[in-house]
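Take a look at these structures.
Shared chain: chain A. Partners: chain B in the first complex, chain C in the second.
Right, the complex of A and B next:
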């Protein structure tokens, strides 16, 4: 019994990283109604970004998050102007395909540089032992970082003018424009933040598990599940839903093989979308 | 009605040329090139029924091809069924699977459906990798003796080639006949405005489920034939995500929503890919170039090659449906 509990606590810690990734997806989806299919490749870039920094600068891997996040923001702005700006407001088919095209290009370049063999960031913090179970320091540090980043985003969205502008555009783009908010600038910033979140979650994952350039796809799927669990455009809800998904994974892994997890996640995704189209935090009738 | 269209005869002539060319001089390498083009056309044409006609992006279209391969190979080798019967049975089984799946996930609109199809791909791959009768992650192999019933391996390869060419022609004829039918009009109505279609009396859920299952049939049959020809199948080659994506690139390149575009795009793309893969400098970047191509088409020419041709020669739309 305590084994399951330990596995669930571990799942909770990892789940907060899933939540962070999903926040990025959810923010972009909510603000500009674009489903960002570059998400998976950006998570993968976060992993390799931290890896490359870490092999050159030997320091606490979690300090390196800061340059990785900054790089992610800049990259997000570049991706926005390459592929997203021209399709915002056009049919969703177009934005799906254009972000998808960038995804293919990033994966292609990544495969050329790093091939598809596994890498890992060779860094570990001392863990905490409770009885016969040990929670590794990396899991705790990653979860803490994820929560700190999520809180920072929450503060930014609710307490600063640019953050409020992002929420205004998400609520009603035309009304916000009439109030003098430049929607292009806001969309650019929102996309940059969304990508920075995806990249930071990738960087955190790289300190927990081995990864390849294709690993992003797994976490992208988890982000979709988490986003629909939380309901669209609710970044902080996404963090909570991510933790829930992590708990669920932690609770089932002692009983079934890990390779079945995608099937469970997919089932959850479809059931939630059909039964709770607005997310589990809202009553279906509301 | 379909037979009155000039395109119908054009399709038959193309298929005839495809069948004849490698026969002349027993050109095996040409046959192998053409069979890949034919499979690409089968996949893109059927994907077109979803993306181009109905406006629903299916990122997991390759699932039908892979599942068809598995069911077909299982029936043909483990159960010793005749290849053609096994392939048809695979097509029917996968269509039924698609229909039932469609009833569930086609309640999701637009982008949500697209996300669900990514999930279908991952989930089916996870399922097959854990499924004992299908050999888990090692997959299934074709015993050499299985080719005997078709008169030996050499003849078997030619037979599968002609069958695949036949499927290619069937795919295009299917696209054409759906396009000019009332069913096709219903699908176009769903693509333009699903709510309006519903109000006008189109049974949208049923239409979408039917077209989803129809789009599964020929790719599944083709999968059964191709994996039988290749002699083996495993989860990573059967559900190769890349192939699913390339299907979308090919379709967009040719022109989504058109019968000819869904055949022209794969033809061109396969030539390009053959060139990229053999060129030592570019072989690592074929994904990058495919992605770049898709981006250019989406941003600058959403109608693809055929859309561009329509603008250039407006009258061409009467022949190039």
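Right, the complex of A and C next:
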């Protein structure tokens, strides 16, 4: 196995988690035209949520994902009703300010509880070795979980009534309301799901790397890059774009210092914004 | 009425006694939160134990008076900007007579700007970067052996075991680690070891997969570097998870903390350059013996002392000795004593450079290499493995 291939596989595994993180942002942005600036702090809460559960219940950290995601959904509904419901439909600046305020509140409370010192979820699964390279069990489990969650979301959006309602509201809110779909209920659920996705990605990251209450910021930045790459409102596209971003990181890092990666990612971000304003997965006819 | 009068008299006596009791205020910041927490709190325990022991023994005796030591301290949150604000406050509002440094080279460099501006003596500990002392200062005194010394011993030990080893340097892109690794790379090449890879990572990096893949691809058999506790411990964890199976891993700072045992097998075999280990025998001219220091520390804090704690305690001890020898708490007189000091304590030899070009640089203290090994009962313990003359166990090489 060559070093570049190993690096790309590592990138692919981490990229699925980036993609999962971006899915939440993309869903909320696409459905209700709200740029959710609580995204980073929600990712961080996901990290701490899994950490707290794990230190009290000593079982496979990946099984604890389920209560963490459920908790995230409920939290999403609460955040929606505190800050987002009142600004949906108004200027985008309002939703930016409103979600930014919640973000600062969460970070402030989080710092008071956990301080800014690093934490770890001390759980590891046996990895798979190919030649002299090993892919850690946690990376594989995290990537698998991300794909499973993404597929579950796709099934929900395309095979269930609430999912269809969400897509309808995303397409045209007034027409959907005329069809009898309660936009308030749908927006609440959509926001809850978006936050649950952010929380779940944070929980997965906590099994891979050490974290602090401020760690969500890096993933929020990557989520913006991925969302722009994929196009808004296309959650599964966000997963694919995340994986591609991870692959790119993996392909590039053997040749240059790792510190240059953010430059390359954001350079790509700017190029895509200019060349493909609707994302690389959106067809021109849409 | 009589009781009231007695109470009033007692109060007056106490107040008078308080007014006449002399105190020396020592100011410093510590990192109660942030990346340097683990190491900084260990350093603080050294300061604290020194203060408690000295005050219990009647305080510092100088010029016919006895001084109780009072600390003025704040949380710098591992943040350089906070350090500048807080040291200004310590000097101007808390009226600190002497200062100790925060933990870590970058924070200490920031603090030194303020202390030099205000002409206050600062003993630095937990800070190895040499550059701080080459910027022109009068009142800085470094307790730690400088950065350039850190990896020399590890490289010498490696060369003695395996001259054909291939070395990779993976280190934090920050003042301290760069001050350690750059001279180390030059030294490695000088003694004939092959350096096959080197890369610095941004501070606060948590994902080392890309860099570790590169280390494995380079065919390196030895890794040296790291930075402080969070990145050092994460590097060791990720090396273990990736089954890198390197023959020797030397990381800065992190493995010296007693908290290192939380890594389990991933932490075993890791070597660390250390400013002080309890197994190193030294005959102190004053202050506690090594055995006494270790016993008191473990009794007080129920854990082992790391070299950060020893450095903290030694800073206090040296300051106390300088004040006692000067017979005064005047900064100029104390600094003059420190400039000519060449002493041995439980911590080892301490001598400060008096030259203007690198005033305060530590020139007497030498470092050792410690390695985590399993003792007969299977418990993880730190052994001194280099220099050979003072070792408590042989270097285990290869570690896998």
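Just so we're on the same page, the second predicted complex is superposed on the first by the 280 of 286 C-alpha atoms of A that agree within 3 Å, B and C clash if a C-alpha of one lies under 4 Å from a C-alpha of the other, contacts with A are read in each partner's own complex, and residues count from 1 in each chain.
Please note the rule applied: contacts are C-beta pairs under 8 Å (C-beta built on N, C-alpha and C of every residue); 3 or more make two chains touch, one makes a residue touch a chain.
Every value quoted in this text rests on a predicted model; they were computed, and no experiment measured them.
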| item | value |
| --- | --- |
| Fit or clash between chain C and chain B when superposed on chain A | fit |
| Which of chain B and chain C A:127 touches, first, second, both or neither | second |
| Contacts of A:183 with chain B and chain C, given as first, second, both or neither | neither |
| Which superposed partner A:26 touches (first chain B, second chain C, both, neither) | neither |
| Which of chain B and chain C A:93 touches, first, second, both or neither | first |
| First (chain B), second (chain C), both or neither touched by A:104 | first |
| Touched partner set for A:259, first chain B, second chain C, both or neither | both |
| Touching partner for A:221 - first (chain B), second (chain C), both, neither | first |
| Contacts of A:208 with chain B and chain C, given as first, second, both or neither | second |
| Distance in angstrom between the closest Cα atoms of chain C and chain B, superposition on A | 6 |
| Set intersection of chain A contacts, chain C complex versus chain B complex | 111, 257, 259, 261 |
| Chain B - residues contacting chain A, complex | 51, 55, 57, 59, 104-105, 107-108, 110-112, 114-116, 118-120, 122-123, 125-127, 129-130, 241, 245, 248, 252, 284-295, 298-299, 302 |
| Chain A residues within the chain C interface of the complex | 3, 6-7, 10-11, 14, 111, 115-118, 120, 122, 124, 127, 129, 132-134, 136-139, 208-211, 215, 249-250, 253-254, 257-259, 261 |
| Contact set on chain C toward chain A in their complex | 32-35, 37, 77-78, 173, 199-202, 205-207, 209-211, 213-214, 216-217, 230, 233-234, 237-238, 241-244, 262 |
| Of chain A, residues touching chain B in the complex | 35, 82-83, 86-87, 91-94, 96-98, 100-105, 107-109, 111-112, 217, 220-221, 224, 228, 257, 259-263, 265-267, 269-270, 273-274 |
